[in-house]
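What follows is a short report on a single structure.
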Amino acid sequence: MTPVLAFLQAIPYDQILIQTVNGIVTGMILALIASGLTLIFGIMDVVNFAHGELFMFGAYMGVVVLAATGSFWLALLLATLIVALIGAALQITTLRPLIGRDPLTTILATFGISLVMQNYALWQFGPVARKIQEPFTGQFTLFYLEYPWYRVLIAGLSAAIIGAFWLFLKYGTYGIWIRATTQDRVMAEAMGIPVSWVYTTVFAIGAGMAAASGVLFGPLVGVNHAMGLDWVLKAFIVVVVGGMGNLGGSIAASIFISLLEAYASIWVSPAQAVIVSFVVLILTLLFRPTGLFVPTPK
Amino acid sequence: MNKRSTTIYWTGFSVILALLIVAPLVLPEFWSRFLTEILIWGLLAMSSDILIGYTGMVSFGHSAFFGLGMYGAAAALLMVKPPNLWLAIVYGLIGSAGIALFVAYFSTRLRDIYFAITTLIFSQIFYVIIFTWTDVTGGENGLTFSRPALGIPGLFSVPFSSETLHWFVLAVVTASYLILRRITQSPFGMVLQSIRENEGRTRAIGYAVERYKIVAVMLSGLFAGLAGVLYAIQNRFAAPDFVYFLVSGETVIFNVMGGIGTLVGPIVGAAFFLLLRETFSRFFTEFYLIPVGVIFIAMVIFMPQGLLGFMRRWLNQ
Amino acid sequence: MEPLVAVEDVHTYYGKSHILHGVSLHVDRGEVVGLLGRNGVGKSTTLKTIMGLVHPNRGKVLFAGKPITGLPAHKLARLGIGYVPEDRRIFRLLTVMENLRTGLDRHGVTEARKQELLDKAFAYFPVLAERRNQAGGTLSGGEQQMLAIARAMMLEPKIILLDEPTEGLMPRMVSQIREIIEVLHREGVAILLVEQNVPLTLEASQRVYIMEKGAMRHHCAASELKIDDAVVHQYLGV
């Protein structure tokens, strides 16, 4: 009995508990970013390399608005709107001309955009990380541990945003337009749906969601011009593991991968914990390439 | 190609080669090194063109091949005394070949965007490994080492001057170009292009597409690794930055800017991009990459054939 | 009064293929016009050109006298052109109701009017009412055809372009389609009907055009043409 007891005593329960909650929190942020990405891919067939930069821009806009108004909530709202508009502008100028061309061109164009945005941020804000102050501090007791309220808020808000969007897709008129366009672009056009505006709107929504994640996540890490890179990579992994274009899948995958990484970070450094997501991706591609959470096509 | 265009081609080739040979003697040190670097990046871009331009497989993994070639060379130069040039090359090629095998396996099982993302992930995996395995790889700081001498052990040994190094690099890059050119124009190369055009049809005709893809990836990986070795020798350090996926992105940019599927195009693209970056950095000291990025985006939209394609059409008029 | 739809000397290419060679036709308000011809002569392309899904390289398309050449399809749908393509192309993953809504949800249509249009559609096609919450892809071929027509009707179009509506349908369904055409005609909706079914077309239309190899070869009143006419044999015979 003693070895078992010793083993059971050695398990770092409090760590696991904390990491579970952390994993869910990070997972929800990732889900918010990945939702936008998978949406843009599913509906427009565009692989948006600049998605991480939209996230980063959102965080910076949050910094700016917060400094100007002192209100976190205003910062969240305005950053989302501003970046959504930027996203729309980007789509109209650089992606619309590429509709119908080789998909490689959109990857390249968005890669170019990401380069420009990163350097613009570096130029305007400098290399030193900025901070977003969380709207409220304070912790609550989770069993016998202290856990910050703010983190729980992030998870809740992300879930709410995704939920609201899902409802919009399912029931609203524009939701129907988006779904119709995804299924048959030509017939949607023939039914009076302005397809190119649908694309612009979808891109803007995806951008807005990324920006919101940026603001929400801002208080947890420093805001700097390179923060988008790591996230875009993870978001891509999530999108592939969850099934490209599959909203529910990417949410499940986000949480799944974030949990695994959080647990891994108990034993290895965070920099190494990312390998977990890589491994998951490779396994998925080897065994279930259409997506881990997608029912196997018969 | 008819007789006339072949003559024009080889004349042009010789002229450019002659210019490149003379360059280090007439250019100031900075520009001479710059030129050498263009050649090295050009080699990397050429290797990537085999996959993107000829076989139609977009790969963001070239930074892994390049980086492993670099670190392989570093390993040889640090572990074996006295530092041996040829050993560095061999180690570097082994390193990149190892990765290439790995990537090659996946290339046969994944298509298009999934392959592209996977290669990108691979770059990152190696980046993370190299970055965190500080004991072996020097982590963030990378590795520094001394430049090996040019020579054949036992026969002679001459330390590299910046001119001789340039000529050595030029020789390697030119040889690589000629080899790759020979390959792309051979029946093998034709099959690759047929795979790019229509993989299903190529398979239906009876070609073992998987095998061709594997060879293409190995080829691409080896030459990319070679570029990494050259870079290590020129700069005397190896750093994880070069394994970061952005390097792959830049490589793809060179390809597109120059013109994919042309072998020469990527070198031109590399030269163009690096020159642009250099010029802009003198005028806009802080945000010089922004106009470069904008030009790149504009080229993707308006000049998808790249510079070479554009010039070809312009000359044909 | 000028025709509702006029196609003037239109040349359309798919890539390098010259599909339409100087096609001209017109449809007056409230008229049913048939477009006959063998497979592949360009009938569908003509409809697509009118609908703005394909743009002609030369020639003009006019709607109520105004040029619409080159306008995107969604603007034309809003102007009043409805399109029911070959193989129906309903939105398989949307429900019947949602399919109808793609046409119903427009600016300037009151809720009352929307309900009227819906009721009308369900009156003509009761089976759609039964299946209103089912996904479009679960409907049978005939039901999908009805949905495709009903969907176009939700646009309150002035003209409906019907591309081979009876293809692959059972005779009972074919006569249902015939009735629908009649009903639409009574309501004053113009119809440009592309069909392989010659008797049906001659019965339903006021005028017919016959196409061959991308050009108009014959044009007359439907009453002037009999099924066993030499012309029919020449252009439509097997």
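Read from first to last, the chains carry the letters A, B and C; within each, the first residue is number 1.
As a convention for this text, contacts are C-beta pairs under 8 Å (C-beta built on N, C-alpha and C of every residue); 3 or more make two chains touch, one makes a residue touch a chain.
All figures in this text were calculated on a predicted structure; none of them were measured in a lab.
The count of contacting C-beta pairs peaks for the chain pair A-B.
Of all chains shown, A has the CA centroid lying nearest to the centroid of every protein CA atom. Each chain gets one centre point, the mean of its Cα atoms, and the points for subunit A and subunit C are 44 Å apart. One finds 56 Å separating the Cα centroids of subunit B and subunit C. The centroid of the Cα atoms in subunit A and the matching centroid in subunit B are 33 Å apart. Subunit A makes touch with subunit C in their complex at residues 173, 176-177, 179-180, 183-184, 186-195.
Remark: subunit A residues 47, 94, 97-98, 101-105, 107-109, 111-113, 115-116, 119-120, 122-123, 229, 233, 236-237, 240, 244, 269, 271-272, 274-275, 278, 281-282, 285-286, 289 touch subunit B in the complex. Note for the complex: subunit B touches subunit A at residues 52, 58, 106, 109-110, 112-114, 116-118, 120-121, 124-125, 128-129, 131-132, 245-246, 249, 252-253, 256, 286-287, 289-290, 292-294, 296-297, 300-301, 304. Subunit C makes touch with subunit A in their complex at residues 51, 53, 72-74, 77-78, 83, 85, 89-94, 98, 101-103, 105-106, 151, 155.
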